[in-house]
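Take a look at the structures listed below.
In the two complexes that follow, chain A is the common piece, with chain B as its partner first and chain C second.
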Partner chain A sequence: MDNYLLKLYITGRTVRTERAIFTMQRLCDENLKDHYELVIIDVLEKPHLAEMDKVLATPTLIRELPLPRRRIIGDLSDTQKILNALGLDTGSAGESV
Partner chain B sequence: MGDRIDENGEGIVILSQDGIILQVNPVAEVLFNRPAEQLIGNELGHPVMAGEYSEIELVRANGQTALVEMRVEQTEWDGHPSLLAVLRDVTEQRRITQELNQAKRFNEAIFNALSSHIAVINQTGEIVAVNQAWETFAIENGAHDLKTVGVGSNYFEVCRRAARMGDEWAARALLGLQTVLSGQQAVFELEYPCHHPDKQRWFLMRATSFASDGWPGLVVAHVDITEQKLMIRQEVEQEIVADLAQRRQSELSTLETLARLAPLGRGEEAAVLPTLRERMPERFAELSAQCARLLDLAVQKRTFDIHQSVSGEMQALAEYLGLLKVGPRDVMEIYLDALKSRVSENNVKKSNVYIEEGRVLVLELMGYVLAFYRNYLPPVIRNPIS
Partner chain C sequence: MTINKMPTGIAGLDHIANGGLPQNRITLVSGSSGSAKTVFACQFLAEGIRQGGGNGVFVTFEESPEDIRRNMAGFGWDIQRWEEEGRWLFVDASQQADDETVMMGDYDLGALLARIQNAVQRIGARRIAMDSLGAILTRLDNSATVRGELFRIALAIKEMDVTAVMTSERADEYGEIARYNVEEFVADNVVILRNVLEDEKRRRTIEILKFRGTSHAKGEYPFTIVPGQGIVVIPLSAIELKQKSSNTRITSGNSELDQMCGGGFFRDSIVLVSGATGTGKTLMATSFLAGGTTNNERCLLFAFEESRDQLFRNAIGWGVDFEQMERDGLLRVVCVYPETAGLEDHLIKMRETIDEFRPNRVAIDSLSAMERVSSIRGFREFVIGLTSFIKHREVAGLYTSTTPSLLGGTSITEGHISTITDSIILLRYVETFGEMHRGLTVLKMRGSMHDKNIREFTIDGRGMHIGKPFRNISGILSGNFMYVTPNELDRMQDLFQDDMPPSLSSL
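Let's turn to the complex of A and B:
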């Protein structure tokens, strides 16, 4: 299995952001086991990182690795749709979203 | 499509299937706080929605954020399948909702922090709000279903039902609540007992009128006043006990005076004869103990409502005393000695019971002694008490 590097951009700590973090951590634990790194970035604390990644909205999930780069936005509460968007539902990671 | 983008009051963003911004309308420029040229060509991201709407926060160029509700539809742009994201600013709406929720939670926290059991009822008697203390009290006191005493139930009906079953306090409460509701009085207060199998309890019910959004109602608070009640009762009991103690002391002093004044026998003999205590101290002690036992029986008889007469034993004691040629002073001394022994062994309340029973007993004993002298002694020493 490929190693995944995921960045989750959030804004502050609210119920909405906590739910997004929880969903992503559970999704990664269940589907990627030890083959992932999930980095949580708060745009209020690290605006320069958001600027470098040209983040226009939160929550934004960026799949940095494996290539190609993928970016999804939304409330991130639907696990299946996130898996589809990340190309994990068919085991064909790396395919186009 | 171009017309829709320019004229729509909501923010419109056209996205490619992989989330690249293809076009924006002016409202979207305002929402992002960025001109179209800074947005078009950048990657917003592929929208992943759980339902029809999704809430996201836009990261604006000025460093601030805007909360928007996003709706996504399939569309076509320049002949290619695309996504139409409609953005509606809900920042202010959410801020107001959040503030209202905070104010509501704050009020609820205060309402629930109050130890009084509080219910708000409308003009028909329906309970429209209760605090935590009200519900807890109801559950602890056997309400298996809060529907019967909680929100939605009718408080007037609860009082009526209890009144029909003979609860006079419920009848008085109902009347009082209705007088406040009709404006006849501003406040109604009622102290009532609400005893539990394990302990006695009293409550104070206080009803005040209340108006909200044009409808009249009542705030009914029940405060547990058991502690205050018990404190007052304790103070009253202490006063009674102090009074009894004073009366006991007074009674004993009077008896001592009487014993000193009572003649020993008749005429000159009285002046010279020593008392029984002086003549026969051991016998005196035995007779005092016997008299004390009779006192015990009399008190037991009263306390436990025993219908057993002590007259027989008293007659025997009187006969024995008569044979020893005792006078009234001796009888008083024996009785006083017996009474003192019991008073010293018991608390104030019980001591007073001994004193009360003793009054009857000593008179009865004196009567039996007198009867003995009249009936059995030769004429020469008859009527020693006269």
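Let's turn to the complex of A and C:
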């Protein structure tokens, strides 16, 4: 399967960001096993990366790979919608893994 | 604590803003589509960089940095060079075309704020421009979240020791301040840009609606956008009447007219010459200029009705050699067709020409030609703006104005400027028993005695010759002639003492 490169932009360590990080890590472990890299970027520490990726809102999840690039803005609370947006529909993904 | 002002460096704006925009605060600049909001935002940063007002951060929600660099190059702002020098920094929050974006659940604009703070810190910016709020509100659904987040960003900017400009759209030229009620989070200072269609002509104005806790001039002021310069505000009613007044007399170019005026025009006065077409206005302007150059004065002619060739040929016909005067460097003739530009642009070009040539005399033939290309209000502002500019330069001015009717009558021009001109000379056709004659009178001569007669004049190959007063006709100015019998005239002369200086009796 494709390797996934995911960037998760957050602002500081708040309840909302911790929850987003936790959700993403769990989703990736369950669906992508070893085929992914998840980079957590705090805009307060690395604003120049946010500048490069033109990120406005946090949390923002960017799927860098596989192409096309895709952005998901919001608190990542709806697991099913995230999987759809990432192109990881659970039914088919489960079979292919 | 008093509020300091930061000079914007935008020509004329600091004048009506009583010094500049409130320092360390946010000013909302609101305007309809095409009202020059982006130009304003860019110029605010550009003038800061050029005039030592500090570096600037430009947050763009709408156009890409590449578009802005290109669009603003025409104003002479080399944004790319400033970026390389670390004096201008973009925070690109414009829509990225190549990305798919999915919105899902709660978010904040923490990343945008972090980027702005980072940019301000990196180049030590003193100014921020954000253009425009409407673009981000429509892109991110105008949700309560975005509004709350923009409010938070506005608060953070106020803590940053920077002066900020935020632009916003409005739907109507005269309606609510801005769309999406953005003024509720940047409410301290509001500037409105308008681009109103008036009598089929566009007229740009700027109004400072409010500066919380500090003063500014009120009402709308016309502005224009000049290539190589950007926005130029024309502060009309803010112009102070503080020009000096001189008692030195200069020649009108016609010795008989000098006598009628009590020894000539004053050196820094404005003379209005009004008359119907063909009464000799261009001739008076020509001799006014010729009179100047014979005394080695520099003369400038703005011609709005006739071409250069026509003017030069006319002048030769009256014994004046414009070409020689130009070769001597004493004369410049600027022929402009009024329709080529808006009045504000004409005004700015004329001011530039005057500042560059530094004339002692300026003649305008004719001012009333400009009435065609403007609304009445715009024309009035033009005349006032031009007159006060000329008066500040302590230059002698002569304007001609064409009256719409052949006999009698006044023009709009006269109505607007008769009170700000120092002298008014009327030229009229006079009909006497089947013949047309020309008459001239000095209606007003501020600060001086003058001849009150309406005198007949003739024009030949050496110019204008002023003769005797019309003695047996009354009603010349109104155009309703009455012929007075000699008997009655004698009786009237016995009743009233003639107050004419003795030298004029010989005319």
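Following the convention adopted for this analysis, the second predicted complex is superposed on the first by the 89 of 97 C-alpha atoms of A that agree within 3 Å, B and C clash if a C-alpha of one lies under 4 Å from a C-alpha of the other, contacts with A are read in each partner's own complex, and residues count from 1 in each chain.
The working rule: a contact is a pair of C-beta atoms (placed from the backbone, for glycine too) under 8 Å apart; a residue touches a chain by one contact, two chains touch by 3 or more.
Just so you know, these numbers come straight off a predicted model, no measurement behind them.
Using the superposition on chain A, decide if chain B and chain C clash or fit.
With chain A aligned, chain B runs into chain C, so clash.
After superposition on the shared chain, which partner residues are touched by A:Leu65: those of chain B (first), chain C (second), both, or neither?
neither
Just to be sure I read the superposition right, which of the two partners does A:Ala57 touch: chain B = first, chain C = second, or both, or neither?
In the superposition, A:Ala57 contacts both chain B and chain C.
Quick check for you: in the superposed arrangement, does A:Thr11 touch first (chain B), second (chain C), both or neither?
In the superposition, A:Thr11 contacts both chain B and chain C.
A:Leu83 contacts which: chain B (first), chain C (second), both, neither?
Touch status of A:Leu83: no partner.
In the overlay, answer first, second, both or neither for which of chain B and chain C A:His48 touches.
A:His48: touches chain C, not chain B.
Which of these chain C stretches, 23-31, 131-139, 185-193 or 419-427, gets into chain B when the structures are overlaid?
131-139
In the superposed arrangement, what residues of chain A touch both chain B and chain C?
Dual-contact residues (chain A): 11, 16, 43-44, 47, 50, 54-60, 70-78, 81-82, 85.
Write out the stretch or stretches of chain C touching chain A in their complex.
It is residues 91-93, 96, 98-115, 117-119, 136, 140 of chain C that touch chain A.
In their shared complex, at which residues does chain A touch chain B?
Contacts found on chain A: 11, 16, 43-44, 47, 50, 54-62, 70-78, 81-82, 85, 96-97.
Looking at the complex, which residues from chain A come into contact with chain C?
9-12, 16, 43-44, 47-48, 50-51, 54-60, 68-78, 81-82, 85
State the interface residues of chain B toward chain A in the complex, per the touch definition above.
Where chain B meets chain A, its residues are 17-19, 21, 32, 39, 42-50, 54-59, 63, 65, 70.
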